[in-house]
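Both complexes shown next keep subunit A, but they swap its partner, so subunit B is in the first and subunit C is in the second.
Then we have the complex of A and B:
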């Protein structure tokens, strides 16, 4: 087995929480409210149910071969040739997802905080941090995420409570203005976008120490993450109103700038940026891990650590090439990306499950 | 030009760190994977550094999912 480290159940659930929120905390409100407008919070809550179903399906598929990663399981179930093709598809997905996250971090930091720093330097720093984290090992990533979670939760809670005094309930009206269909489209987005991308965690799940209630714990944690996302979208609709939420590139960051308690507690938006960086970093590092691990397992290498630096250079280049501009990856690609997530998180695991069941039945008869 | 040289230097440093060990152990598969990834990484990085406009790989996703997306668009509009 390539990976020697083991995560505890708690570390794994923390990773699930952070990577479920991931990059969503900043871009989720504008994306979902451009679909279902002022009813976005209903979509988000409805999508939570769908998302938990998706997560349940993925956990079930991971149980087919409990000690194998996703890449190995696909190789076993689909056979060598078809398995390799499907695996290449997944590796492309992990790689693009990771470069997409690096790109988002770079664009956000250069446009909002480090205005005079070149974009490439921010990529470089972020990628070096990821390489360092992976060289420290999977266990260290788990432990550091345990340390980072309270900071994240504290900032998120401060953010939500400090904004409540400015909320205007009339922003949520008219209720169900365009009927149920846009709400359902938003719910599709909300169930597939944060939860579908958790498929990368199937590359980590074999290295978790098995405990009895792990499935239940994961579902509860994902429920918490989804509720937090719904709260954030609700606050952003209540305070900013629907048009400001749609037209801002980073509505949550803009919201954090509006926090003002008694002309004393104000301009705390950089703590919000820190929370966003924490969750995005956790997600990106898991994608990066999944990519290198997948390459090593697909080609049958004896050691995946030699791939960390080459993969980092690929990421550094692809972060820029992945999208020509901000609008492309925040607006234009989103519907296609949703279908891509749907394929990877629902369609292929379903086929995998059916093939596994057929194979077992077939073998039992002969 | 300087930036391109920097990228090439970075690639050379990585090759210098990772390659000698696997060469010595005659693990040719490892050598091949590392060299391929370094070549891909060097070409991506240089293309991005000199700001050369190429299509993103995500165009593939757009082409594949165009029909599906139109179908969903009809359902949800």
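Then we have the complex of A and C:
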């Protein structure tokens, strides 16, 4: 066992909540509403159902070998050669996911707050923080996420409540203007995008102290995260209207700038950015953890810690290489990324499950 | 052991990042702009005017040195941001746009099209989207920003405040923030922006026999919001007058409080304060023809009666006045609609969007020819003013006086 730390169920569910929201606060509203326009909130709610189904599938797959991480389980089920290939695929996915998160943080901060600061400095700081977190260990990550969650929730609640007075219900009309198809298409995105990427948590799940109701807790927490995302999309549509939501680089930040309660509570958008950084950081740390852990398990290293630094340097490079510009990952890559998420969160786990079932049956017969 | 080396390495690396602070902005190195004005300039350039606060003049507790509390910089450049950056040639501080309250567009530029300048400000990350946009009526934005104001030492704050107050308490102006403006433009609607004018007051005559008569109670120049500019897409095409602007605000449900007057046929003029006004506008399509129904509900109180022949002695007389007021409010709205439909042919009320919301299928057919259809849209009005209060007096005593 490479990992000696153990997470409590609560810490694990907090991590699920934060990673589910992750980088979505900023990019989710414009991504979903560019598909189903003013019905994006319906898409998001429908997507929540689909997302829970995806999550249930992943949890089920993780139960095939409850004390093994995804990488170990794949090795066991697919065998050494095929397993290694599938594992390399997954490790690449974790790595790319993490570098995109780093990239998003860098681009967001340099467009909105640190206008003259080089991107690479933001990457460096963010990655060093992740290295530090990983070095402190899985338990520390779990505990710190418990501390960060209330801050995150407080900021998110302030955000939503302070914007309600500015909402204009007519922005949601007309309902289902273009029929049900765009709404369902949006729902497909909404179920895969935030929930599919939770597959990284299968690298952590064996290190969670087993408790009775863990599955139920996870589903409830994911439901909460999905509802929060739907609320954010709803507020964004209500206040900004659909065209501004789609056309803004970071609609949520733009919304936060509009908060003004009696000319007194205003200009608090930087505080809002903190919430987003908290959730993105949690997600990125988990991806980074999953990547280094996976590499260590695949290559049979006795200590994964020596991988932290090389992986950080790779991340630093990849964050820069990942996309030529903002438009690329906010607009062009989204549909393809979705398919990638679908493959990794639904298709491969399904194949894994079927193979496992076949093997067991075959073994039982012989 | 390795972990110690590791930690040391991290802390050394972190030290590098502490040294560089690219985005530090010292307050005393920033010129905080409170208002920006844009005008056209020859050779397809922009003339940008920035009203920048002079901190020593507005700081509380510090004695002012007797100068103006703002200073105005002006530059001409091919793009807006170039002009603002170029201001450093004259300004000792870099102009910072994070605290803009007003954005004034010169009439000439407004007639050419405002979309690009609006986009510039929304795209700029340091700018927040909570400022108001106005058009310098019959003038240049730079002339507006130069005027100093009493009561509020910072003219941009004065404009912001008087726009807020007058749109709430008097009604012919309307406040438009930049994101609302952008939203209307994106919906290919026709926005409306308040007009602002620098009005010269008659002064001097004989100087009141004293030291400039205590430097005059009436300033030489005043900033005044006057009328609403009508845009077709992003181009200014004309102005609504005061009554039409009021009617516009009634239709847009932007009136909180206002004063109206009714001239009755007995030659009496009645002043009525309107409050709690609420307008409901519904669009629908009847047999392929778009129809708009406007329903105004408000409460009123009698404030003034000028004339002897109007009695205020019964519910009937109050009811009669109510009807007169209804007629008056309806007329205001009719004037606005008439002007939009026939003079400007611009859908400033967003009737098209209302029909889109209520009947998306019919809208698909109407949309391509909306410019032609809009002037023919049938508009029905229903005004229900409830006069319940008569102030501190019951019947008017002007009647009893003659006996």
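Here are a few things to note about the model shown:
Going forward, the second predicted complex is superposed on the first by the 366 of 366 C-alpha atoms of A that agree within 3 Å, B and C clash if a C-alpha of one lies under 4 Å from a C-alpha of the other, contacts with A are read in each partner's own complex, and residues count from 1 in each chain.
In this text, a contact is a pair of C-beta atoms (placed from the backbone, for glycine too) under 8 Å apart; a residue touches a chain by one contact, two chains touch by 3 or more.
From a predicted model like this one, the values you see are computed outputs, not experimental measurements.
Look at A:299: by the touch rule set out above, it reaches subunit B but stays clear of subunit C. Of the two partner chains placed by the overlay, only subunit B lies in contact with A:323; subunit C stays clear of it. Of the two partner chains, subunit B is the only one that A:96 touches; subunit C does not reach it. By the touch criterion defined above, A:314 lies against subunit B but remains apart from subunit C after alignment on the C-alpha atoms of chain A. Once the two complexes are overlaid on the shared chain, A:118 sits against subunit C while remaining clear of subunit B.
After overlaying the two complexes on the shared chain, residue contacts for A:333 are found with subunit B alone; subunit C is out of touch. Of the two partner chains placed by superposition, only subunit C is touched by A:258; subunit B is not.
Within the superposed three-chain model, A:128 lies in touch with subunit C and out of touch with subunit B [touch as defined at top].
Once the two complexes are overlaid on chain A, the subunit A residues touched by subunit B in the first and by subunit C in the second are 306, 309. Against subunit B, in their complex, subunit A makes its touches with residues 92, 96, 120, 181-182, 184-185, 188, 295, 299-303, 306-307, 309-314, 316-324, 328, 333, 335-337, 339-340.
Contact residues of subunit A toward subunit C in the complex are 111-118, 121, 124-125, 128, 131-132, 135, 170, 173-174, 177, 240-241, 243-244, 247, 254, 257-258, 260, 266-267, 269, 305-306, 309. Against subunit A, in their complex, subunit B makes its touches with residues 10-11, 14, 17-18, 21-22, 27, 29-30, 33-34, 37-38, 40-49, 53-54, 56-58, 61-62, 65-66, 68-69, 72-73, 75-77.
Contact residues of subunit C toward subunit A in the complex are 2-3, 6-7, 10, 13-14, 17, 20, 22-23, 125-126, 128-130, 179, 182-183, 186-187, 356-360.
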